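First chain A sits with chain B, and in the next complex the same chain sits with chain C.
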Partner chain A sequence: MNKLYIFLKYFFIVVWTVFVVAPFLWALTTSFKDFQSVNGGVTYIPWVDFEPNLEGWKVLIKSPAKGGVDIVEPYFNSLFVTCTASLISIILGTLSAYALSRYTFKAGFVKNNDITFFFISQRIMPPIVLSIPFFLFLSSINLLDSLTGLIVVYIVLLMPIAVWIMVDFFNKVPREIDETALIDGCNPYQAFLKVVLPNSIPGLIVAGMFCIIFGWIDFFFAFILTFTEVQLLPVKIVALNSSVTPWWSLSASALVSVAPLIIVAFIVERYLSKGNLSGAIK
Partner chain B sequence: MNLIANNLTYKPSDQYHLNEVSFNFKEGNLYTILGRTLSGKTTLLKTIAGLLTPDSGAIEFDGKDFLKVPVWQRNVAMVYQQFINYPHLNVFENIAFPLRQRKIDSEEINNKVMDSLKSVGLVGYENRKIQELSGGQQQRVSLARSLVKNAKILLLDEPLVNLDYKLREQLREEFKSLFSKGLADETILIYSTTDPRETMELNGEVIVLDEGKVLQVGPAKEIFENPNSLKVAEISNDPPMNIIEADISNEQIRFEGIEIKAPSHLSKLTKGGLNIGLRSSDIELSENGHEFEVELAEISGSETLLHLKRGKIKIIISIEEVLNFKIHDKIKIDFKIDRAYAFGADGKLESSPFGGLNG
Partner chain C sequence: MNFKHKYFFLFPGLFVLIGILIFPIIFVVRLSLSGWNSYNPGLDYIGLENYIRLFTDDPRFWESFFRLSFLSVTTVILQYVIGFALAHMVWKDIKFKRFFRVLFLVPMMTTPVIMTVIWRTFFHESLGPVNDMLSVFGVAPKWLTDPVIAKFTVIIVEVWQWTPFMFLLLLAGLLSLPKEPFLAAAIDGASPVRKFIYVTFPLMAPISIGAIIIRLIEASKIMDTVYVLTSGGPGTSTETSSFYIFIKGLREFQMGYAASMSFTYLIIMIISLTIIAKVLTKLLLKE
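Take a look at the complex of A and B:
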């Protein structure tokens, strides 16, 4: 029974790993192929099955004038927009979440839970519903097709995630910790900065991770709200497609676009296992 | 420097947490707030600390309106019933936190923290993480943090309730010696508890609180000897005092077919519908006593608690040894009737063996 359990456990782990890793391997080998090797049946091993070349990768950094596609600028645009929007969302989201968790708000029938739900409801609406208002809004303030405009829109999209995660997290931080800090001579701002925030790092990291992921992978709004001046990575990658699909450069760009998320995942995983609230209240 | 409260009332919903609470606490004294769970003890302490603002009433400290001083400037210290510490700091930094907040120079902080660690017996634990400590040690850290501040008002909110029996006994002893060393002559120490035994041992001035209302104020001995009402008698005894409805006439106490000669302090009472109060320890097993039926027998520590029934009367007696009884056993008991209290139908004390009122 026990052996069977161990066997099944490892069996599923292996199956799952193959399932997850295979597409990456596929993309990796494909990125070194040329037209002939892609269309010449399924092959995996370089130098044996096919002759590898770097064309798929070189195209990505070559300027269009020399026949390349140059994803470097969209890449940095994406990094800049995602990081800025995530950072602002986390700061604003954490502050609002703390207020929603600790103070009682009341405006007519609207109470704390309704406000929290209002934030989440921004994510419940289908993006297509939001696209036209966003378009009109950005065009009215002359921010269509600009990085600033995208950042504004992404803050609207990402802040609800931060609020949602952090409200839940702050609710689990015992109120008595804030109170003790007040009694120990902190004003409410110091209590938040010196005591609550340092104990909320796991929550901040999770919220940050989700903001970065959702910001980085967004195609829809980047596609609708930009034209020629500014381009983000997802839009650029989709634009690679042409009458002859360049599988090699598509694969290469897919890999470089996933890379930041993989790095984030590795960093986050290390912090997540260190949740340290257990000693606050026993 | 007195801490004076006037008609503090706090009613966040349809129930009073504080109902016209007034007191006058003097420096250098220990005050025990005794009350059951949800009687408003924590609310009262939080109000003194400034974490809650009462709906009405006033608090004055050192002649100043205390309600106008924000929490962080009140110079109070508080130990919670849960062990509240800062999880992200080690033991030393936890205790140093309030001092660093005051921007005291680091050498002095060092000395004060080490002194404080010594007084709670945690020397050598400075660099431990809070999570690595046991419950009792965590509570010592929060006690040390509240001692190190030299606060004028020290609030302890059921500090022992979440500890196991042995640690509780041990820490209670340490508390007593800490308090008796005279923390500081100008400190007002306010200790809340549900435990009558703890109240008696601490032997301070007692405030009995129930449903947000102050029922009785007085020295521990006075509360124990002359509880002014049934409620106080129940709250200040564990197990609660037995209350038996009885009539007194011709110097005889009568209830459920039992007749006992009334002791001198009860014999003159003639009102009907009296409630006779007897502590569980003032009832003993006796061969030629009155017959009762065992409903439940629980052994707690070295004593046995017997829940007994006769007709409509239910009582609890405690016996200072471990005995085994079966449910529905018939046993005979006798009342130490000269230790009995009498309360009127309105719940007020009519007579006490220690000379309260008519005695």
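Take a look at the complex of A and C:
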């Protein structure tokens, strides 16, 4: 019985591992192929099935004029938009979360929990509902196809995540900390900046990681609200897909775009194992 | 505590969010009452005409909505079962525990559309590895062009992409459980299966509800995967509500009609998610 359980457990883990890794391995081998080894039948192992070359990787940094795809600029656009929007969301979200965790608000029937729910419920909003008014609105103030426009939209996507994680985190930071600071003569802002924030760094990191994940992986708004002036990485790579489909550069660019977030996976796991994520979902 | 300070903390975030959102929402409602399209761009007033068209004369919207329900419910159930199993397996000590934890998290860190581009080559009918391996058995499923199989391809990709999120939430929950009930079960000599049914699962019920709702909310937005993988095809067999609204609004520029659809869609989403949350709470929290 016990042996069967252990066997099944490892069997399942191995099957899932293969499933998780398969597309990455496929992309990795494909990125070294040329036209012949993609279109002449399915090939797997470099040097045995096909002769690897670096063409797929080289075109990534060539300018389009020389037949390259140049993903350097979209890459930095993506980084810039994601980081700026995450930073703004974290700052505003943390302030609001602190208020919701420490003070009581009452306006008619609206109480703390309702305000918290209002923040979080913005995730329910299907992107398509916002996309049409945003499209018309941004085009009327000439922010369509610009980085600023995208950052504004991303704040709506990311702030709910920041508030959600930080409210739970502040609830776990003992109130005595702020009270002691206030008695010691700090004003509320000093107490928040000097005492509460330093004790909330794990929460801030987790919230930051989630904002970065959900900002980095967004495609929809970038796709609808930008065209040629500003291109984000996912849009650029998907555009490659529609034309002749050069599988090798497609695979190489996919791997390059996925790479930075693998680091995020390590950080998230670290905080998960320490138990810093546990409060967030109750 | 001082009463004035609290507003300085709360209001910047709240007002930025309301400021960015309030205009679009009011605008969608107003737009849905107009006949804005590419010939006639403008906010005229045509009453409830768009809504009447939607409710009486547009089976494609309702089909896409039921398809979306099917896809999101199926993927979330699969994600929950697999995610729970995986989380349970790497919860206690196994070899390379932290390696597997990181590995199982990786797919959610990847951009869905970009991975979907890779999946497209993976499931390519003549040049992809899946059909190449299946050719040993003499079968070659049309992963992307058969109306039925294409749905399952979407499900496979969604499960790959988002099971890690479920895994993350459930593992965080498992790690936060108190130790005492498990000690008691061990003293009573409960078998692993009984321990799971009577101790682990009930303790995890509130976390499960949270995780399922969060995933359902995200799954109800399925759109980029579909756009890249099949473009809603073959025919309309993988078209979801968001995708249909996208076609009407931003491809055919029937803004007014698309606005009425998106407002209806939002209302349906809010109502059905509330009902699902209530039902799940009743089912899983019996005592």
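The rule we apply is simple: the second predicted complex is superposed on the first by the 247 of 282 C-alpha atoms of A that agree within 3 Å, B and C clash if a C-alpha of one lies under 4 Å from a C-alpha of the other, contacts with A are read in each partner's own complex, and residues count from 1 in each chain.
Please note the rule applied: a contact is a pair of C-beta atoms (placed from the backbone, for glycine too) under 8 Å apart; a residue touches a chain by one contact, two chains touch by 3 or more.
What you see is a predicted model; the values in this text were computed from it and never measured.
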Check: Just chain B (first), just chain C (second), both, or neither: which does A:I213 touch?
Finding: second
Checklist line | Partner chain in contact with A:I177 - chain B first, chain C second, else both or neither | finding: first
Notebook entry, point to check: Of chain B and chain C, which one touches more residues of chain A?
Noted result: C
Next item on the list: Considering only touches as defined above, state whether A:V20 meets chain B (first), chain C (second), both or neither.
Entry: second
Next item on the list: Determine, under the contact definition given at the top, whether A:A239 touches first (chain B), second (chain C), both, or neither.
Entry: neither
Margin query: Touch test for A:L193: chain B only (first), chain C only (second), both, or neither?
Written below: neither
Next item on the list: Scan A:V110 for contacts with chain B and chain C and give back first, second, both or neither.
Entry: neither
Notebook entry, point to check: Just chain B (first), just chain C (second), both, or neither: which does A:L54 touch?
Noted result: neither
Notebook entry, point to check: Of the partners chain B and chain C, which touch A:V129 in the superposed model: first, second, both, neither?
Noted result: second
Checklist line | Where chain A meets both chain C and chain B, residue numbers | finding: 182, 187, 277-282
Note to self: So in the complex, the part of chain C that touches chain A is made up of which residues?
What the structure shows: 1-2, 5-10, 12-14, 16-17, 20-21, 23-25, 27-28, 31, 82, 85-86, 89-90, 94, 98, 100-115, 117-122, 127-129, 132, 160, 168-169, 171-173, 175-176, 191-192, 206-207, 210-211, 214, 217-218, 220-221, 223-224, 228, 241-242, 245-246, 249-250, 255, 258-259, 262-263, 265-266, 269-270, 273
Note to self: Give the list of chain A residues in touch with chain C in this complex.
What the structure shows: 1-2, 5, 9, 12-13, 16-17, 19-23, 26-27, 30, 38-39, 41-42, 44, 92-93, 95-96, 98-100, 102-103, 105, 115, 119, 122-137, 152-153, 155-156, 159-160, 163, 182, 187-189, 192, 213, 216-217, 219-220, 223-224, 233-234, 237-238, 240-241, 245, 247, 250-251, 253-254, 257-258, 261-262, 264-266, 268-269, 272-273, 275, 277-282
Margin query: If we count contacts the way the header does, which residues on chain B are in touch with chain A in the complex?
Written below: 46, 49-51, 70-74, 76-78, 80, 82-88, 97-98, 101-102, 129-133, 135, 138, 142, 145, 149, 162
Notebook entry, point to check: What does chain A use to touch chain B in their complex?
Noted result: 174, 176-177, 179-187, 190, 195, 198-199, 276-282
